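Here come two complexes built around subunit A, the first alongside subunit B, the second alongside subunit C.
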Partner chain A sequence: MKAGRPRHIGARVQRFEDIRLLSGSARYIDDVRLPDMLHLMFVRSDTAHARIRSVDTSALSDLEFPTWVFTGKDTAGLSMKAHQDYPEMQYSEQPLLAEDRVRFVGEPVAVVLAEDAYKAEDAAEHIFVDYEPLPVVGTMEQARDAAIPPLFDGWKSNVIVQRQMKGGDLEAAKAAAAHVVKRTYRTQRQAGVPMEGRGVVARYDHSDRVLTVWSSTQMPHLVRTYISEELGLPESRIRVVAPDVGGGFGVKGQVYADEVLIAWVAMKTGRPVKWIEDRREHLIASIHARDHEHTLEAYVSADGRLLGLKADITVDNGAYSTFPFTSAGEPGMVGKVLPGPYDFHAYEATFRAVATNKCAIGTYRGVARPSAVFSQERLMDDIATELGMDPFEFRLKNIIREFPYRNVLGFTYDAGSYAESLERMRKLLAEDVAQAAASHGSRTKRIGVGIACFIEQTAHGTPDFTRRRVPIETGYIAARVEMSPDGEVTIDLGLQNHGQGLETTMAQVAADALGVQPENVYVRHGDTLTTPYSVGTWGSRGGPLGGGAVHIAASRIADKLRAIAAHLLQARPDEIELADGLASVRDNPGRHIKISRLARIALRNVDQLPEGMAPGLEAQFSLDGPRDGTYSNAVHAAVVEIDVPTGKMKLRRFVVIEDCGTILNPLVVDGQVRGGVVQGIGSAMFEHFIYDGECQPLTTSFADYLMPLAPEIPNIEVHHIETPTPLTPLGAKGLGEGGAIGPAAAIANAVSNALGVNVSATPLNGNAIWNLSRHLRDAS
Partner chain B sequence: MRPATFEYHRATSLEHALQLLGEFGEEARPIAGGQSLVPMMNFRLARPGHLVDINRLPLNAIEIVGSMLRIGALTRHGAYFDHPLIARHFPAFLDAVHYIGHPTIRRNGSIGGSISHADPTAELPAVAVLHDADIVVRSAAEERRIKASEFFVSAYVTALEPGEMVVAVEFPIPPAASAGSFVEMSERSGDFATASVGIVLEHEGGRIAKAAMVCSGAGLVPIRAPDVESHLLNRALNDPHAEEAGRIFAASIDPVDDHIASAAYRRSLIAELTRRAIETACSRALGRS
Partner chain C sequence: MIEITLEVNGVTKTLSVEPRRLLADVLRQEFNLCGVHIGCAHGACGCCTVHQDGTPRLSCLTFAVQCDGASIRTVESLGGPTAEHSLQQAFRSEHGLQCGYCTPGFLMTLVPFVDEMVEIGRRPDDEEIREAMSGNICRCTGYHGIVAAVRKAIDDGLGEGSVA
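And then the complex of A and B:
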């Protein structure tokens, strides 16, 4: 670390943005109100699969107020294209508005605009779509049935893409195995649910041909690029603003058809246009997540060494491919990460995405890894049970201990604390394990302990995306740092802050490099007009890469401040230390000058600069991810208590030991971990987006789609181990998603332990627990 | 998710409210806390042309009237928690209100609203059926008293006629030698019940002299259990054969099957909750906690 002795990195600094967020003075997308604004309402398909015979808008003329209406015919040729460059991938486009065919309930068919949102909703009831229903493709099995016609013309089947990854000699592993453990695991379809839904406002100024789009997005620059390419406007004349965003979790980490469409409508009508998504729309038509089935076959030696793993992975992708991570992203991620933290040398994964008449799968906190870790860690417990080994013992026998480690697929893991965190967790749980064992004679009340041990590739960038041939193409994060004449600092960050604490942590990083206080650093983000091009905030990259970019850019300004100070104090630049607002000569702190004075000289009293030095105090740096990213690791543990007669499960305890390298701010890390764990508990126990046999959604409000609520959440204990990585400038690894990755596996393992049964699917709601404990009731 | 157009009226007196409801008939709905009606309107599942705001009417007394406890229709759910009359006479009622929603819902939601909305798994309709409560309804022309068991017709359907409004719910006060309990299972605290069971019993000489039981989650309205009620008669409080009662109740019902819970699970829950409700009530009758 070049920053020297950090004063602010690692400190428990309260989040600056909370003053705004918690006092109600944040400005969200719905706070954008423009003169002459029209309000847009979607007409969405109520049929899962149909040909559109006609869209009748004639009844709009009965209304006593003006309306504007657009259908798929008006937007013909405009679409979302999200194609991973694999030759075997079947290509599909999602039209901005369906023209002749709809493929899921919620797909936009028309838009109608009026001068207020109530009128727009009234008007939508005056548009009549005549559908000719087609048979639905409703399940993975139907999607893989060659006899069922494909959802898209020109497709050979409903398997969108199927690929393989392999390493080592699987046949030899199988031949050498004393035990073969084969299991199938299923994780359910979820919606991603940020507190604030999505929304878009667009305004086109004809006089200077500037399009401004406000969107509740995690990736304003990518929205700008996509709109530019699809609508044929120069990027220089498009400004995309992400105002305060009330949670994203990856749901807002895709470019949506509506962002392009609303920009187009604003240009067509010449009026500013606003659309605020309602919760029903969000649940049925923003992205869905998970919905995986994995069949794993493990080859294990007589003494409990994992020799090889074979995996068959299917993801029910829904109808369309999302930009920029595509429908190949989710299954491919499972294939890539299943080897996990374990040392074995033969692996083969076959993975596929299949198309069904459902909402598209996209990125949601954890992205495929909650499902992958569910299967991986359930399998570890199932193998341990089969071998009669303790789950900790079996994992410790197979855990990777030497770093850097090149895994079976050729990915290199930097150092982590895999074994240490397992050992520590075992100590923390000793009493719970004993209580659980003591309860296992009971037929009415059972206690169970389960763990999940996992790694998470974070801070991945361009090399990873190039390898995956994914249309995001690049992954660097840019920061521009500027000191003004009064010594105050501004960071224009290519990231978008929507809960990550970036307005605080990035200020801490810059403050250490520049010798100022974090309070002197103002972080701006989320506006393409002011921030350098970047691909947005997602993928557990903000801390390691954003923090690294800020550190390097700020350090370049610090170098210049040291040069000016050295000149004025008659010392060498390498003798100058910047701290507490002063530039001082090392070992002679009496010789110093205020940093604010140096800033004034650099920008105003430039005659005092050293001979030949250019004025100015700004620097920009774009930091890309290391070849294989950097690997965070964690162990999660759940202690559950089950009331056997009712299936009611209570979480007695949830413990996390995490290692994200250098911690920028422990309060932010704890908050990220706890928030993620709550979402993981949602995956484990509550959230389930359900379609019936005709692909009609059944869980379209919060009465039916059950989010985890505060009374169900135990105190979440968080412990830290810090193993800094040499691969990022500050030693930081990513941690934004980790909290959400482990809980489903840990809770399922705890249920398995409590009831003495194989748990193969989530969610573990009351009915599921009741089903799993039938053997205890029947015997009593 | 915005309501269709409606006209808003603020009633200044009960007579004013009843006059407005009478005038607009089926087009009108009274609104109190709006905890059920407003979401229904936002989904456009309810489209009243006229909303009559009754929040300012003096309908929130909890008082003894003769042999009944009369609860005004505007009484909010939060009012029961530390109310001495509820605590003294209605232990099952007090148990039940702990399962209602969350603080916001309890502060705004009213008994008249919950009863009129008639959600098949809501707590207060079940408690009203359990206690043979009278639903007191008024129109501009007359006042009617309807037995709870006749008031709830089907899911979200009641015996209320256009122009009528619930003004109070009256619960017969049980004799001193009585006890009760109410237990519920839901996925999350505050949710509508997956299933719930309530009991009130009267006892004499250590034996059950009279019992009433109700469950929700087994049909479109709260269901009483005459077979179980007669099964419990003369049982000793310290050996009420509660498990058998649960089996009898479960065998007599045809539970709902949906994406939250299968019919088999609900049936099993009702058996178990019946056992627990009976055991708790008996143990309370015996003076154990």
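And then the complex of A and C:
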């Protein structure tokens, strides 16, 4: 099923959703207001690890307004179960409300409701929890110490899961190596921080037994399924609505205990219930991300060929496993992606997740790959330095050049532009490299250039999740396309749009297939009542899978329009072209009929249809990801300037060359890349979620958790190479996450280049740069 | 409870409010202005920026009772339901927004900046534009499109060749 000549795909179409977002007409979760609604406030643990002796709610009766309260005893038996079907994985279950034990600061212990949000907050201060503190497990080292008791009864240790993956003969690679380079790299704990926090509103209608849940989520269907299974309601009577969602970045791509709990509370109270997360709650108790330590050992030949790689990967997971990607997801992803864009044939990775008294790690833009690429690309530079090779030269010597390529773990990469993008970046940076070299004699101002070359598996499909035995289970995206009698088109999309521009790009795709204008296509999403079952928007699948599903469904309608037009114009269907609102006979454009006229015939004047053709113009298609996904590639480059006397670092330039296959809308692609890069710069230089030795969180406001602001960020230069993939209908690969993957590695390599030191950890904040440049000050 | 009178986007109401009630909550709940967004509620992200008597102000750090007699403008007042203001249009053409949550705050912060630059006839460089938005956090765009939108709105306001 090939698209006709694209008119709208690839065009810089301005986004349709912008009007409501700019005018203040958008409606986010906090804008959902229902009559008779109660406001819910959480009472959260202020202790990292403790037994709960008692929860005293008696003081609520002193208040002069009505309240409702629920504790862990009320919700006993209800929990979040996020388990991967690995025999050696230890099971951690998070109760909806802690009953007898808390395991991180911020864990919900009770909820209290009142008729006003301010009053609910007052009421929360009247609940007293008596904790009996337990020793905390605060670090990876403590978690791996067999002498420290496990966080869960029945566990053997605090290692939640440890597994291996391997390919090729590592011993032979080691024996043949002229150089062995071993390094340990560390990436810090972060929070994802969409500008809108999370929030849930739920209403249960007892008369027709329908539960409606509004949630600021990226995955409404999965929320529905989980609530159904946990609360024992039929899915047919649960409607989950994601209204306008103010950013997600993966943070909203898990099912949370509070989504289930608030639905349950609405059923118990018989009143609509609303909870809007505040920023402190978001920072301490929605998911965290990263927090990795990788020890890598590379085996390299005398002439600079990478022969083999050994990896030991630890992720500080926090206390609980998140649904549906689990605590095995993050370290497993590192093991899977470390081979990267390089051609070598022996590999062994041991990966583990360990439990600590911290907030759980979940999916945040890039998911493990920013940390994996940090280690992989720091290692490439460290090897090049050890061998006295130029970093470009060393990478080009080892880069994969022939496709499809079957990597050391058996994953097949579709075609990309790995070498070409490195070559092009080398040209773009020539002047910066020369300036950097000239500065390296200076003890006051140093310039450094660093690159990161990486690939990203996107649009993962069912086989990938089956191999990993992970509860997400599948990766397909569905779209239902319908043309109404006036020729206007509606797409009910299984993706949820929270900034990606899907209301525009999906309209562009349908418009090309159907020969109409994108303005004639209305995209609806985020509501399980109207949209077909899908896994939601995450894992860089919107363009390749959502776009592909829309294309196929719309093309089926187009086939029917051609058949009707052929009948009316006395031509063959394959002679009919759909474009600019007309169905025309090829080579005879004078013979044509309006598409809106065909739509009216298909739906109303059905007596004019070809004999035996059923009325109607709608089609639905569910598109699953390819077996190994489709691989996007990119090279990022950072140019930094360091003022040695003060340790202040300035980002002079940041350049991206990316290849995501077919570009659906360059405006949107550039925006996704730049936004991702700046989040990646945050990972590299600013963002650090800090716990003290007792696992008390120290960065609980935006005054402490620092994100990039405009003055710190240069204009991000973006260049494109398009290598369409044969694996998705439009040739598109995913790109939503890629921007965030490269910056930590590129910036760390630039700092290493500037200062002539090994850089093994992020964040590279003022303090870190001050310490890394100390030798230059000491010497002068 | 304290009685206050607010004029918001041309609508005047006299309300009885608790002293602790935030201006942001009063605008959202009593005036139904959902374009006022709360991002952090501690004055660090700029999402909730509105104009009080013409000056940008964080409505999450302002009590409604502090504004008795004030004239308040929110994003809804700029270009109406179709976002016709030149800066709103520039945000659209330059892709200065993605999820849209921080957008009303950026607009209310930057409209006076654009107006001032146009009035004094000056094209600021990107560094100065970035400084003007340094009190607002955007998590989606990387600021690039917002900077371009401000540049464009100032250019459009100045017209060709009106600056020496």
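Convention: the second predicted complex is superposed on the first by the 779 of 780 C-alpha atoms of A that agree within 3 Å, B and C clash if a C-alpha of one lies under 4 Å from a C-alpha of the other, contacts with A are read in each partner's own complex, and residues count from 1 in each chain.
Convention: a contact is a pair of C-beta atoms (placed from the backbone, for glycine too) under 8 Å apart; a residue touches a chain by one contact, two chains touch by 3 or more.
Not measured: the values here are computed from a predicted model.
Chemist: With the two complexes superposed on chain A, say which partner A:T699 touches: subunit B (first), subunit C (second), both, or neither.
Modeler: first
Chemist: Tell me the contact category for A:Y631 with respect to subunit B and subunit C: first, second, both or neither.
Modeler: After superposing on A, A:Y631 lies clear of both subunit B and subunit C.
Chemist: Tell me which partner A:H498 touches in the superposition: subunit B (first), subunit C (second), both or neither.
Modeler: Second partner only, subunit C.
Chemist: Of subunit B and subunit C, which one contacts the greater number of residues in subunit A?
Modeler: Of subunit B and subunit C, the partner in contact with more residues of subunit A is C.
Chemist: First (subunit B), second (subunit C), both or neither: which does A:G647 touch?
Modeler: In the superposed model, A:G647 contacts subunit B only, not subunit C.
Chemist: Touch test for A:I19: subunit B only (first), subunit C only (second), both, or neither?
Modeler: second
Chemist: So, does A:I690 touch the first partner subunit B, the second partner subunit C, both, or neither?
Modeler: The answer is first: A:I690 touches subunit B but not subunit C.
Chemist: Examine A:D30 and indicate which partner it touches, taking first as subunit B and second as subunit C; both and neither are also allowed.
Modeler: In the superposition, A:D30 contacts subunit C only.
Chemist: Between subunit B (first) and subunit C (second), which does A:V668 come into contact with in this model arrangement: first, second, both, or neither?
Modeler: second
Chemist: Return first, second, both or neither, reflecting whether A:Y118 touches subunit B, subunit C, both chains, or no partner chain.
Modeler: Both subunit B and subunit C are touched by A:Y118.
Chemist: After overlaying the two complexes on chain A, where does the subunit B footprint on subunit A coincide with the subunit C footprint?
Modeler: Dual-contact residues (subunit A): 118, 278-279, 701, 703, 709, 711.
Chemist: With touch defined as at the start, can you tell me which subunit A residues reach subunit B in the complex?
Modeler: Those in contact with subunit B are residues 117-118, 121-122, 278-280, 645-648, 686, 688, 690, 698-699, 701, 703-704, 706, 708-709, 711-712, 765-767, 770-771, 777.
Chemist: With touch defined as at the start, can you tell me which subunit B residues reach subunit A in the complex?
Modeler: Per the stated touch rule, the residues are 1-5, 39, 43, 185, 187-192, 194, 259-262, 265, 268-269, 272-273.
Chemist: Subunit C touches which residues of subunit A in the complex?
Modeler: My answer: residues 14-15, 17-28, 30-31, 118, 193-196, 244-249, 278-279, 498-501, 667-668, 670-671, 674-679, 701-703, 707, 709-711, 713, 715-716, 739.
Chemist: Using the touch definition from the top, list the residues of subunit C that touch subunit A in their complex.
Modeler: Contacts found on subunit C: 18, 20-21, 28, 33-42, 44-45, 47, 74-76, 78-83, 88, 91-93, 95, 97-104, 107, 126-127, 129-131, 133-134, 136-147.
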